[in-house]
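Here come two complexes built around chain A, the first alongside chain B, the second alongside chain C.
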Partner chain A sequence: MREAAIVSFAQLDCVRNAGALNEVELIMPVINGALSGAGLGSVQEVDFTCSGSSDYQQGVAFSFVLGVDALGAVPPINESHVEMDAAWALYEAILKIRMGHADSALIYGFGKSSPGELPAVLSQQLDPYYLAPLWVDTVSLAALQARMMLDQGIISELDMAEVVARSRRNALANNPHAQLKGEVTAQQLLQADPWVSPLRKHDCCPISDGASAMVICTLERARQWGKPCAVIRGIDHRIESHNPGVRDLTRSVSTEHAASHAGAANGRVQVAELHAPFSHQEIILSRALGLGDGTDINPSGGVLAGNLMMASGLSRIGEVAKRIIAGEVQRGVAHATSGPCLQHNLVTVLEAA
Partner chain B sequence: MANLAAVVGIGQTRYETRRGDVSIAGLVHEAALRALQDADLGWNAIDAVIIGKAPDMFEGVVMPEIYLADALGGNGKPMLRVHTAGSVGGSTALVAASHVQSGTFRRVLTVTFEKQSESNAMWALSSKHPFSPHLNAGAGGYFAPIMREYIRRSKAPYDVGIKVAVKDRLHGARNPLAHLQLPNITTQEVEASPMLWDPIRFLESCPSSDGACAMVIADESLVHESPQRPAWIKGVAMRSEPTMYAGRDEVNPQAGRACAADVYRQAGITHPRRELDCAEIYVPFSWYEPMWLENLGFAEQGQGWKLTMAGATSLDEAGDIPWNCSGGVLSSNPIGASGMIRFAEAARQVRGDAGQHQVDGAATAMGHAYGGGAQFFAMWIVSSGKA
Partner chain C sequence: MTQPEVLSQEFELGYTYTRSTGPIVGRFLTELRRKKLVGIKGSDGRVYAPPMEFDPQTTEALSEFVEVGQSGEVVSWCWVSEPRASHPHSKPFAWALIRLDGADVPMLHSVCTATEAGMRTGMRVSAQWVDKPQGSITDIACFVPENPAAAAEGLEKEAETDQEMIKGIEVPVSLTYQYTAGEATSRYLSEVRQGQLTGQRCPRCRKVYIPPRGSCPACGVATDEEVALSDKCTVESFTIVHIPIPGNPIQPPYIIANLVADGANISFIHLLSECVNEEVRKGQRVQAVWKPMEEWDYAMDNIRYFRPIDEPDVPVDRIGKLPVSGWEG
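This part shows the complex of A and B:
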């Protein structure tokens, strides 16, 4: 199978409310950034384009259709869309490259969560007959998951606070796009009142507007373009049962499977970007991926520092790629998730060329 | 370079106004199980599940692959959800095929569905976009002016659409799965039906259906494990263009022409009318048959309606290039599945198992879907011959 590599990545600042900017205006800067980062002038110079978004964020059907207006798809382009995080758009693009129908691809994800109530919107992901009518939201389900972990002694509230303190610190040091950043200690965080017990508000990712994009290509094409790149050595995703009652919510079996299929353990993991919308989920994911002290986890601050719904997974991959392209690290793992309580997980293994 | 893949299993539900007897999960499960039975396989024989449907607002379930993982045997497997507007049924088949053609997996299940009775499609298609003018037109209102422009340009007689409406319903009457069963439909009846969006009368429009369609797609090395004759995938193509741009030809979209040229090149087709035995083409409103005959190169520009009027696309008139022998979108329209039904029915034709709507000796067939403002296209060509 032909390998693909990431040559450029662009993301917007995560902001709580992008105001009057529409989706096209959110997408255009990252598309232009990703294309110019690859030394390309327009979408016509890549063989395939794929995006990820959700109609329910904008509150209208076919919201991605207007996104095509941001591309410059004249003459027509080879293009597709997943109603998922754009990390899965990347997956579709990699299949196209592997089958020889593309040598290069543009991938983007976008979301404007500010007009709605995101936790309530996501509650409508649940089984429409048995779960959705309860209007149990994503935060509440994550709180149940955290409660199970605390009750079983797998984690402590201090562990959770330490995840958040590190996220804020890393975001301050490394991530100009972060929405939440700062110097704060775990002890200070533990002073906060519960939000949805046992979660405090800082245990939950913020709600953000924005977009991110990347360009990938074959290794041969990256050489032709004269661009340094991060090679996608492995990528795999797995889903689990939707019924929270039949899953062990304290671990992520699907992440373990995806990591195994993607070959995450076939070398040292210097850096890992984990799509953990809640602090305790970062601990679940670190364990599922077998990460230890030798791994720098979420140097960007992760999604606790800014959560571009539908682009956060792609941004995790981009964050690892960025560090490999810059020569800071040789090998890293990126993770993306979808669904309540980490139901669906994607693992990407990236290496220097 | 792509690996050779084939359709080895097909499963469809019956299409009808309301499937009140099953949940959404029950509906997709029914189609998936029939595809597996057709392929003589169990759930464990599937490496990945690829699902597609039109907007989530049609059922009110956000990203339904999350909820449908259990119903489709997805646990522990990759599950991907495609959404490319009305072309999604076709695009989903193509994305599923790419899982195998890329060499990543050896056998996948793909399922598309719509349970339109759960909501009101006209509403879901007419919600207001922020910062954009509100059309409140639904699909028929959107496409009507484009069809009128076709009539003006081609000088087609007024009854071409009526002829298509009758022809596809007579085809549909041969297909027990079709939603509309109108074996005695007449041109007078279509002409007398209420005008909805001039030039489209009620009986020249697609119905609103519940239903699901599924396929099992396998790598060449596993095709022998299923009993049906394989439908080999010979060409796959997608194209998109913006809804609006200066100089856009909405009657004969450039994206459709480019997509057709790509899929014909892969399948080695230079003269589609002569080299294809039949085609399943996305015609939700009657006048789109002559328009797509031209867009897809079956007729010269301005001449498509002549094929329709001469009966070239009719099974009942023994036409040389029957279109939509299953009854097409005009007979069954579970929107998210409609494109995949076209792809699956093309495969049935080359397998020779299309029953009463079989084209004798069909060896090569085309499946087609379009969506958005006639701006997203997905096409494949399947063949009974491997080489």
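This part shows the complex of A and C:
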């Protein structure tokens, strides 16, 4: 099987409101950053381009088509799009490379959530008969999940606050793109009032505007380009029922399966970037991936430090790749999620070449 | 040049969804209209309420309906202290997963209590119906802490029995956004408001785009050099519309054309009028008919339409290559 490797990654700062920037103006800097990071001058030099975004976020029909204006798609390029996080665009690109249909690919994700009310917008991705008419939002669904874990004694509120404190601390130390960062203790966080009880506001990821992009290629092409890379040893994704009532919300069975198929446990996991939009979900995911003390979890701060809806999953993979390319670690795992309460999960295993 | 303000406007995006229900969801909604709750038996005998069409474990199509209770037990809950505009209640309330009596799989709905202190996991709650059920999940206004006396009263007020099976529902969705035009678009519209068409030139291929979007889509590079354009244009392509478009006030037949402004290289779309439709042709010269200046806004309909002018046609190979000074023929 032809393996693919990540050679470059670029991301914008996560900001609450990118204001005047349209999708083209958001995307162009990361496209250029990812291409130049791979030593490339234009999108014409990769075989395939794939993006991830959702028109519902900013309420602009076919905004992903408008986004193509950022690329330089003349003469026409081989291009595709997923209405999902761009981690799934990466998955599509890897399939292209594995099948021999491409030797290199550009992947990007972008999201401008600030024009709408994201948690309410996301309620409309739910079952259209039983749930969407109630407008039950993503924060409330996550709060139901957290309550189950607290009731069953699987976690405590202190555990949740510690996840947030570590996120803020890691973002301050390691992530210039983070929206939320700082030195705060779990005890201080627990002083805050509940928001959607049992969740406090800090248990929830912020809403961010921004974009991220990466270039991947075959190992042979990476050698030709003379670029260090992070090899994608395994990638797999699994989905659970759309009916939250039938799922065991206290664990992530789909992450367990994806991790097993991606080979996450076939070596030491030095670093893990987990796409956990809510603090208790990081604990669910750590357990599903079997991560212990030997793993540096979310050194970037994760999405609690900044959540680019539709690019956050790709950014998690980029964050791990970045550390492998820099020679800081040899092996890591990245996770991306989609849907309410960790419904759909993708696990990527990355290793030094 | 001075930076114009960034343009931003609230707008509502509506989707007029009509959904077919199929026999399983349709039956559930039909029962709701009669103030009854039904579930369905899964392959392993577990009861799903609301009913699922297929067993999530075995994928088997399910069909064995079971009436379930109007009361049940709260499996999990959260307290919404600041309800959103889209939420079903304006006062603080709870969302809950509720396992109805006779069901195994919990359903999601709201629970109304005076305060958060009134909520706890394992508490008993009962459905409270709206006065006139329509066959929707929102026929249950909410659940409330169980009160056997109230439940009995509710049964007396049972809805009229409408036997007709629900096959489809209307579920319009409306979302409000604060749309912000990009920098390039804001600058463009600010110029249009002054009665001026303005393009942007690509620093690499030198092509001039109107309306500009801040990039050259061919080269993938940012554009910021602004170029004042003429309101005289050449017809690059056109179509005669004979079909009335819902919501469009213009009566057919009318002409939509791709027009290239003098000084630009890429066409934009606008209306053509004051012309003999059958005589419109590629290369024809046209000019903008502007609204009175006092009506100008940040919008392309400051130009009502374009109309033919008395200039010789532009040969096809020269279309999109004229200077801003125009065409002498």
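Criterion: the second predicted complex is superposed on the first by the 353 of 353 C-alpha atoms of A that agree within 3 Å, B and C clash if a C-alpha of one lies under 4 Å from a C-alpha of the other, contacts with A are read in each partner's own complex, and residues count from 1 in each chain.
Note that in this section a residue touches a chain if its C-beta (ideal position, glycine included) is under 8 Å from a C-beta of that chain, and two chains touch if they have at least 3 such contacts.
Because the structure is a prediction, the values reported are computed rather than measured.
S.K.: Using the superposition on chain A, decide if chain B and chain C clash or fit.
M.R.: clash
S.K.: Looking at the overlay, does A:31 come into contact with chain B only (first), chain C only (second), both, or neither?
M.R.: second
S.K.: Which partner does A:218 reach: the first (chain B), the second (chain C), both, or neither?
M.R.: Neither partner.
S.K.: Applying the touch criterion given at the start, work out whether A:19 contacts chain B, chain C, both or neither, answering first, second, both or neither.
M.R.: The answer is second: A:19 touches chain C but not chain B.
S.K.: May I ask you to decide whether A:92 touches chain B, chain C, both, or neither, giving the answer as first, second, both or neither?
M.R.: The answer is first: A:92 touches chain B but not chain C.
S.K.: Could you say whether A:121 touches chain B, chain C, both of them, or neither, answering first, second, both or neither?
M.R.: A:121: touches chain B and chain C.
S.K.: Determine, under the contact definition given at the top, whether A:132 touches first (chain B), second (chain C), both, or neither.
M.R.: Touch partners of A:132: chain B and chain C.
S.K.: Between chain B (first) and chain C (second), which does A:74 come into contact with in this model arrangement: first, second, both, or neither?
M.R.: both
S.K.: Of the partners chain B and chain C, which touch A:143 in the superposed model: first, second, both, neither?
M.R.: After superposing on A, A:143 lies in contact with chain C but is clear of chain B.
S.K.: Quick check for you: in the superposed arrangement, does A:300 touch first (chain B), second (chain C), both or neither?
M.R.: neither
S.K.: If you lay the two complexes on top of each other, which residues of chain A touch chain B in one and chain C in the other?
M.R.: 20, 22, 56, 58-60, 66, 68-69, 71, 73-74, 115, 121, 124, 128-129, 132, 241, 243
S.K.: Going by the contact rule at the top, pick out the chain A residues touching chain C in the complex.
M.R.: Those residues of chain A that touch chain C are 19-22, 24-25, 28, 31, 42-43, 56, 58-60, 66, 68-74, 114-117, 119-121, 123-124, 128-137, 140-141, 143-148, 151, 194-199, 241, 243-246, 249.
S.K.: Report the residues of chain A in contact with chain B in the complex, numbered from low to high.
M.R.: 1, 20, 22, 49, 54-56, 58-66, 68-69, 71, 73-84, 88, 91-92, 94-96, 98-101, 115, 121-122, 124-129, 132, 236-243, 253-254, 257, 338-340, 343-344
S.K.: For chain C, which residues count as touching chain A in their complex?
M.R.: 6, 11, 13, 17, 19, 21, 25, 29, 48, 50, 52, 56, 75-82, 84-88, 95-97, 105-110, 116, 121, 136-138, 169, 171, 173, 175-186, 213-222
S.K.: With touch defined as at the start, can you tell me which chain B residues reach chain A in the complex?
M.R.: Its residues touching chain A are 1-3, 23-24, 54-63, 65-70, 74-85, 91, 95, 98-99, 101-104, 124-125, 127-132, 236-245, 248, 253-255, 258-259, 372-373, 375-376.
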